[in-house]
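Same chain, two partners: chain A is paired with chain B first, then with chain C.
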Partner chain A sequence: MKEVRIDCMYETCPIPLLKALKELKKMEIGDILIMETDHSCSITNVIDWAKKQGHNVDYVEISEGEWEIYIEKMR
Partner chain B sequence: MQIYQKLFKKPWPYLMGGALLAILNIILFASTGEPWKITSGFLYWGAAILEFFGMDPGKWYYFSVYNNGLDSGETFLNNYYSVINLAVIMGALIAALLASEFKWKKIKNKRQLFFGLLGGILMGYGTRLSFGCNIGSYFSAIPSFSLHGWVFGIFMFIGAWIGSKVLFRYLL
Partner chain C sequence: MTSGRIEELKKRRQREFKRKKNQIKYAVFCIIVAIIIYAFFLIHNVNYSILWLIGLLLGFVLQRSRFCFTASFRDPIMVGSTSLFKAVVVAFMISTVGFAIVQYNFIQGVQNISLNDIPGQIHPVGIHTALGAILFGIGMVVSGGCASGTLMRIGEGFLLQIVVLIGFIVGVLMGARHFEFWDKFIISQASTVYIPNYTGLPMATIIQVVVLILLYLLADWYDKKNSMMSM
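== the complex of A and B ==
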């Protein structure tokens, strides 16, 4: 089980979502993708998208207006 | 508290947003005689900056051949578009503050700055060839029963499709 971290700070839609999509393609099932973002829309669109794809997903606010999104690749 | 959450924090449904934009645009059109346009205002701001540095863009071929949308008495700074554009920025600021989502964003790196500027120049250039952006030449054109809105729309979707492919393959 591998952990991949991608830096999406100061990037706006749709860059964080596309970066996640591209990175997840390269990953194995069970690997975890950690995204750092300060874009509040990502909390909505990346998480909705990952859920729809059937991945396990969670997020925490690491400091004010900055989040880490965790996506576990399930398929 | 729940009403506050619903109204200001959570995104509104697309259908409601679309309907509200349409109604507001109709009100704007009915009351001012002009539907919503954005980028012409930016053109005039650019021209105003050139004017400040002593150039005379008002004499340019572009402004003499085509109807420039300015009424007599209006200047590059003092016009209808400036008011609308400043109001859009103010409205967006108020919405961001009410949702407590206002944040200064940093420039990530030189690469982001370069592509941001390049994209901005391409968009600005394109809007002058098509006499408007996706607001003036699409959102306001189609309800006016103008064919050019549909042509603009078709090519905008083709361009966005190609752009997202290029972005995904080469730039990310």
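== the complex of A and C ==
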């Protein structure tokens, strides 16, 4: 039950999603991936994808214009 | 869909997050500036004032809805999600009907219509259309946004897009400079296809809307297929 943090600051989509894809592959079921991003469009992008894949996902604003996205690997 | 552990992480983060600055004064300032510009246009050029209002509303909708033309054409291929693509198709349907009404009203009163006079972007189609589309497609995926998305994110404060804006301006200037060359060798050789010429305007509108509905259904099916496969 690890927590993995990746830094996607200043990256436009689709880079954050590609980074998440790469990282999730290495993780085990039940681990949580935490992504930091300041790209608002990435949020919809990543959350849409994660929901489709059946992962648990949510996000929160951690500072003005900066968000953290949480993805719990489910399968 | 969230789980208890994600909720816990969120709560921990929210406690640390304190809003540093109150942004309401900036908002009030921007609204006042926008109203002053609007008033200025109202006095000097009514047309500009309308365009200014439409521009403001468009920008607002783009920002709040996170609408992204790039994602609408990229996501179906990259992640198999077509929700934005479907939104674009719906927008096309609405504008098809809207333009049909505008063009129909225009054609009513006029004898000997020339294609150049009809409202709308009716231009020659040919190899240059495909070439331009490929160039634009590569550009927008690399830069992470089309023209409207880039401008919207600059306003939002996403600094990387300033770099894109510089490239954008260079590209537009070069395009304007070289347009004559393209026009002479390719564009003027191609023919303009205006389907209502062959089928009449009502029929052409119906055909286009039907094609768009089919595209919508196809996109919907593709979306569902992709989420089922992953379950």
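Here, the second predicted complex is superposed on the first by the 75 of 75 C-alpha atoms of A that agree within 3 Å, B and C clash if a C-alpha of one lies under 4 Å from a C-alpha of the other, contacts with A are read in each partner's own complex, and residues count from 1 in each chain.
To be clear about the criterion, contacts are C-beta pairs under 8 Å (C-beta built on N, C-alpha and C of every residue); 3 or more make two chains touch, one makes a residue touch a chain.
All values derive from a computational prediction rather than experimental measurement.
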item	value
First (chain B), second (chain C), both or neither touched by A:22	first
Touching partner for A:10 - first (chain B), second (chain C), both, neither	both
Which superposed partner A:70 touches (first chain B, second chain C, both, neither)	second
First (chain B), second (chain C), both or neither touched by A:38	both
Partner contacting more residues of chain A (chain B vs chain C)	C
Contacts of A:62 with chain B and chain C, given as first, second, both or neither	second
Chain A positions touched by chain B in one structure and by chain C in the second	10, 12, 14-15, 38, 40, 44, 65
Interfacial residue positions of chain A with respect to chain B in the complex	9-12, 14-15, 18-19, 21-22, 38, 40, 44, 65
Of all residues in chain C, those that touch chain A in their complex	1-3, 5-7, 9-10, 13-14, 16-17, 19-21, 23, 66, 68, 70-71, 74-75, 78-81, 83, 141, 143-145, 149, 153, 156-161, 226-227, 230-231
Chain B - residues contacting chain A, complex	11, 101, 103, 105-108, 112, 164, 167-168, 172
In the complex, chain A residues that touch chain C	3, 10, 12-15, 17, 32, 34, 38-41, 43-45, 48-49, 51-54, 56-58, 60-65, 68, 70, 72
